[in-house]
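Look at the two complexes coming up: chain A is in both, with chain B in one and chain C in the other.
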Partner chain A sequence: MKARIPAVRLEEPRSSWYVDWACSTLGRARLSRQYPDARLLSAHIECLGREFHLGLYDGLDVDLRSGLPTYKEWARVQSDHQIAPEALARLPDVDVLVERSRGREGSIHGKQLLKRHYYQSLLGKKLQSLSHMEVALRRVEPEHRTAYFHIIFDKLDATGILVRYSIDLSQRSAAFDRAIVTLDDDEAGHTEALRSMIFRFTSLDAEMTFAKLAVIEGVDVERVVKGVVGPFFFSDMDVPDPLQQALVEYPDGFVGTFALDMAALDVASDRDNDPLSTALAERLSPEAREEYQRARSRFGYKVFKDRKFVASSELRPCVDALCRGAGTRNLILIAAASARPR
Partner chain B sequence: MAVRAEQTLGNLVTQFSSALDFYRELVQNSIDAGSTHVDVWLEFLPDEKGDGADTIAIHIDDYGEGMDEEIIDNQLTTLFSSTKEDDLTKIGKFGIGFVSVFALRPKAVLIQTGRGGQWWEVLFYQDRSFSKSRLEVPVEGTQITLFIEGDRARYIELVHSSKKTLKRWCRFSDAEVTFEDRADPRSRGPEPINAPFGVDGLCATRVEHQGTEIALAYSDEPTYGFFNNGLTLAETSDVEDAFGKRSDRFEHIAVRVKSRYLEHTLSRETVLKDQNYDKAMALIEAAADNQLFSRLVYELTELAVVESLEGSKLSEYFKLLGLFTLEPPALIREHRRRPLLRTLHGKPLTPQDLHDVGHGEGRVFVTARRSRLTATVHEQGVPVFAGDLPGLGYYGKQGSVETPAGARLSIRALWNALSSSHSGPSRLFGGIRKAMMGQRARMSTIEVVDPHDVYQHVDICEPHDEQRRLLRAAADVLSAAGAGYAKLGACVLKDPPLQSPLFVIGPKLAPLMALAPQLRARRNRRPAAAVNVAHSQFERLVALFPRRPALATYCLAKALLLQEDRLLHLDSKIMAASKKELGSNA
Partner chain C sequence: MTTATGENLLTRNVAYTGERISVKSLEDGIQETRSRQNVQVEELKGLQEKNVKLQGALDEEIRKLRKLSDYMTTSRNVKGVVANLKELMSYIPGLRSLAISRRSIEDLLRQQYEISVRRVKEASEFADKLQSSEALLHDEMERLNEKIIESAKNEETAAEYVLELERHRAELESRIEKAAESSADKRELQAELDKLKRVMSEHSTLLQLYSTCEERVVRLKQNTQRLLDTIGNLASDIVQYVNAAGEKLDLVAGQIQALGTAADASVVMLEMKKSLDVMTESMNETTRFVSETQVFFRQNLDNLLDDLEIYDDTTQKVLDENLRLSQEIEERRISQGVQTAIERHKAGGGPAA
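What follows is the complex of A and B.
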């Protein structure tokens, strides 16, 4: 039996409030390419707002584990986006619908008119993919028969957060019959094996992904970066102290968190600067921990974890306290809902 | 050794055409560091003591990966130590971008940067020496500040030129670049520098490959832009400059291309023309030949079927048709069965239809004027292609051509493109080849004419007695001289042109006759002719005939041949025949 995802339905005006804050937070976060694309995410979330869908849908379901819209919401916009051209072709012209719906509040034609506006607005949108992999060739070293790749994998994780994996690795041509990455002239691609492997790793740390990839024959891994959007915290959610208390005092407060988890050869030293993370090593059994220590020494990578916060101004001291409490020093940016670029 | 290193650095600092080109170099570094935003902002810091030593601060902030101590020591402060060389996902290659900030002769350059949990501040002094120190507060990405001496006038000038420079180099940047003048009290915050990537023109098309994005459109004033990750490498309107040996293909096609294959030369003067450049060129050519050309064919086909096409749409159709004819003949031939040629009556026809008509008749009809006459021509199975109205003519680089030459030229160019495709004779030998080549030479030109200049609507009428006698006499004389018509009759012109013809001709006496000498007679078949009974010359000859029949007959017969421009060498025979038939009273 499928476990039910804990979710809350935000009704108006709370759903508009949420959309406003989520977009504003994403804009202010200035996310680098190591994270899922904030512009696409913001556009996607904007489509969930009443202002965009004109009341065609009831409320907005938010995943209480991540503070982000539920899978159903993300997917609904995507499928609407896909069917928009066909739907628009089926619907009568605006002029016709305006004429037919005049003076008839709530008529079917009125609803069709709203749908036409909604689909029309959707047409020009670029949305966040919920599972997408891209491989780019970085360079080829013919003398070593080695090709270097940059892999990006975006996914809506099972825990409701959005994840981007960025992986730099090289593959020796001798291993191309068991390739995880393909190269046709300069066109790089991925194999299903790589996709399913990374897909499984998305709930794990960058370190584990590094270690798993590094043991593949013919593959050398340089870095694995996991950029995460979420969780977002607000008063409808179960959030860590001292945020919980502050949100009682400021029920309109909002905090977005953006984690970066990196295992790479060019990280200077191991460091965990994420106040919300529990390092992998701490979650493992003593035997497994030892094994991962061996992996670190064998492959030479180091691990760095970080998290930045975007908070409404009244919650900043609280986030500050959270970081101090965890012994981390984090970037805390201030966002205002009205600052969201439209 | 130290002197040489200093000299090299000096050369690198001043190598770029403008001191503000450092913006391009820094934005390039930011994009390579994975930043999706670059914020540029200027502030004016007046000298608090009032000594006039005001300072201008130029800030360039990114949110990319930043630098740790290892990168600061081994890359930022060391020339030619880039790790990005040969990396197709990076723009920078040489490890010299950062030094460009010294071209403005700053008093100091401050860098704050963070990576991997280390946060650093590096301060470069005027002599380019530097000091670095750890920071205790987190820094994201890299924030660079140039401190420059300058008063308010210099500041205002810098604000203007900075924005202009950023737009020049970064308007299509993959990262969002903003600019803000923080000394301006009216400033409404950061202003976006970016513009949508594309080109203006007809059939605007985008083609994407891995690491390459191409925007193309047909244009009569094309420009060409080359970019990497959206940063400008080169822009020009000189097709030779842009495409060299490939320039013919792009004389009428505007192109902007972002590609991982394109990079600057070390001096940033132009695009490096290496193997990767050739790969990019091949992609652009393929995009022009496939997607852009297909789009052109699609739009032409769509416009060709619209029954009543007017104004700008009609103008667009003829522009597109002109452009179609400028495309490589091989592409035109590939699409010769697409119905993209508008006709005045009936369905659109294909270039192949045009070719067949031209091949059979030696000419095709093109006109902008739909009339009863064109309808009759169409009913007789001869297509009349749509021509353009005054002012609509268009023919690529040769500029606008007044009507109806634009459409006529297009039709002729199409004919040429299709005619050059026949490869049959090249595989033949001896006499057969000679005969076919001779025929091909005859058919390699085509007349493109307005049917109103060729045909005339007439009423075939019964001449009165005097007229009949003269006509019969002229017919007999012409036959006797070996220049007779199949039939010589009389007619009245409908809608007579300003200069009424003496007679019209045709395969038979019919309501639609051709103006002599326009009729293309079928081989070995004499045409019929109808004399315009209202023509003043004919009236005079009819009046003369009772008194001097031979002279009147000779004059009419001669006039017919003269106007038809045929068999003029038979003059003496006609004269003799006239005398014989009608006596010597001429």
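What follows is the complex of A and C.
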């Protein structure tokens, strides 16, 4: 097993170019609540840019599997955000630092001045959580002794993409001694067992998650939606054809992809509209696939997969070709070009 | 009528650099530098306190990591590891009752990694603070050196001028002796000698003040140099430690992400052990530094404070001695003047004007 993930370090001006594109792509994607929050993601990525950290860090490491920043980068901003209030309280005032660093920008006082500005800007930011679960009570049916919950779980997945699981399920009161969701005076919460379970499922698809949850006694699953941000494609990465060829021709091109994978009882029919998906079921052995089919019949859910794209204008025809080649019809939005040199 | 040499010499605008020195300005200047040193020592005390807090936090992290790593070493199979890890979950907030599985190990590692990153960041901020203090002390050393050089130059200027005055005084006294008694020439030479004495007195005082100033600032500088050495050593050490810890954590981040995608249980366990070992090593780097600096602080800070207190007394004594000598010189000068006046009166030369 490789102990490290494949990554590339983007140096200036490439790292600023990347941050501009990633933020612009997220802004254009018009993501619904079934995806990780685009504003938080965009704010988090913006903090990784040189314009924000003012050159306090060298370069930007990007995961070549997802085209998104590596775990180390996401965690760095998160820890800076956490220590910012205390760090600011310990740093001298701006006026003092300006005076001390006058004519000596590269000195430690100059660095502290930059840090003061950086931490101050961070204070006002709301960032993407790298692992966070929320449970909300939707309704209670006393006559059936059943409570209905909506679960949201955001995670930076081990594969480098950002995932949001939205799960609608109900739990009968008889099962509360083995509960995955807790209810205390209308305050809903998750058990650590649920968190652990969902944490493990993030690399699986919505269908398998549905099946895994549905076999838990006392739990009825209505819907599992997995909204995914990534992968983002640009010329440093191995990308599917015909994008690969196009990125050779247009090395400034950028494509963001946003997948939605849903397994639900109210989906009319199975449909795969994701040109990049390789359904987990297709990778299974014939026996396992049969098991999958039995689960579909038993729980009565249908699966819908979709993916939308945000591409730089010159890459739009290639994305079109990619979708046509896969027999899918996808929403392709055009991102505003970065004016920055690459 | 003043002699040509006297006219030239006594009206000369002597080029001293910097602000005009006086007993008061000298005392104020020394006190100002002493105050700055006190602030610097207070800052050191603050750093010592921060160091103690960091040490506590890092010790706790090391304890957790060591225990986790020990469990990984002693557990023979995945089930054993999982069973043992249940107890360990209590160390990490929010994971108390987590059902352990291969993938929740990733969760555990990520939470521990994020805490470790925060700790190393705090140590890094501490390093910046030390480097800033070091830079400020270098600035202070520059200021003191400028003051020493300025005082030394002014001392030389004053000495040359006083010697020149002394030579002219000898010449005037010789001419006065040769001049006819009560003659106008003698009166004029005498008047010039009086004027010379006044100028000489003024510049002799300056000579003495510049000399004292130089000597005392040199002694102040020695203390600042000690503070600078203390801070400089610490800053240099912590930067090395923080860099080493940071590199190790970078390695861990990659391993954790890779671990999350691993399918085979035995490989996962092996990788987890590796990540924990590197994370422990990283925390060890930082903890070792903090421990060493605490010893350093304990050994140096108290001595430094003692020395500064001793120096306070010495400074005070020098100031008192200077004031006493100044008063004596002034009294002697007055007494000499009175004596001259009496002698002149006895000789019938009229009162000294």
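Assume the second predicted complex is superposed on the first by the 334 of 342 C-alpha atoms of A that agree within 3 Å, B and C clash if a C-alpha of one lies under 4 Å from a C-alpha of the other, contacts with A are read in each partner's own complex, and residues count from 1 in each chain.
Here is the rule we use: a residue touches a chain if its C-beta (ideal position, glycine included) is under 8 Å from a C-beta of that chain, and two chains touch if they have at least 3 such contacts.
Fair warning: this is a prediction, and the values are worked out from it, not measured in the lab.
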{"item": "Clash or fit (per the criteria above) of chain B with chain C on chain A", "value": "fit"}
{"item": "Partner chain(s) touched by A:S107 [first = chain B, second = chain C, both, neither]", "value": "second"}
{"item": "First, second, both or neither for A:F304, with chain B first and chain C second", "value": "first"}
{"item": "Touching partner for A:R33 - first (chain B), second (chain C), both, neither", "value": "first"}
{"item": "Chain B versus chain C, judged by how many residues of chain A each one touches", "value": "C"}
{"item": "First, second, both or neither for A:M262, with chain B first and chain C second", "value": "first"}
{"item": "Touched partner set for A:D80, first chain B, second chain C, both or neither", "value": "second"}
{"item": "First, second, both or neither for A:H132, with chain B first and chain C second", "value": "neither"}
{"item": "Chain A as apex of chain B and chain C, Cα-centre angle in degrees (nearest 10)", "value": "70"}
{"item": "Partner chain(s) touched by A:K115 [first = chain B, second = chain C, both, neither]", "value": "second"}
{"item": "Smallest separation in angstrom, by C-alpha atoms, between chain B and chain C in the superposition", "value": "18"}
{"item": "Of all residues in chain B, those that touch chain A in their complex", "value": "33-37, 63-65, 68-70, 86-89, 116-118, 136-141, 209-211, 260, 279"}
{"item": "For the chain A and chain C complex, residues of the former touching the latter", "value": "1-5, 7, 63, 70-72, 75-76, 78-80, 82-83, 86-87, 90, 92, 100, 107-109, 111-112, 115, 130-131, 157-160, 191-193, 195-197, 199-200, 203"}
{"item": "Touching residues (chain side chain C, partner chain A) in the complex", "value": "94-104, 106-107, 110, 113-114, 117-118, 121-122, 125, 128-129, 131-132, 134-136, 249-251, 253-262, 264, 267, 271, 274"}
{"item": "Residue numbers on chain A that touch chain B, as the complex places them", "value": "30-34, 37-39, 136-139, 148, 150, 186-188, 262, 266-269, 271, 273, 304, 306, 308, 329-331"}
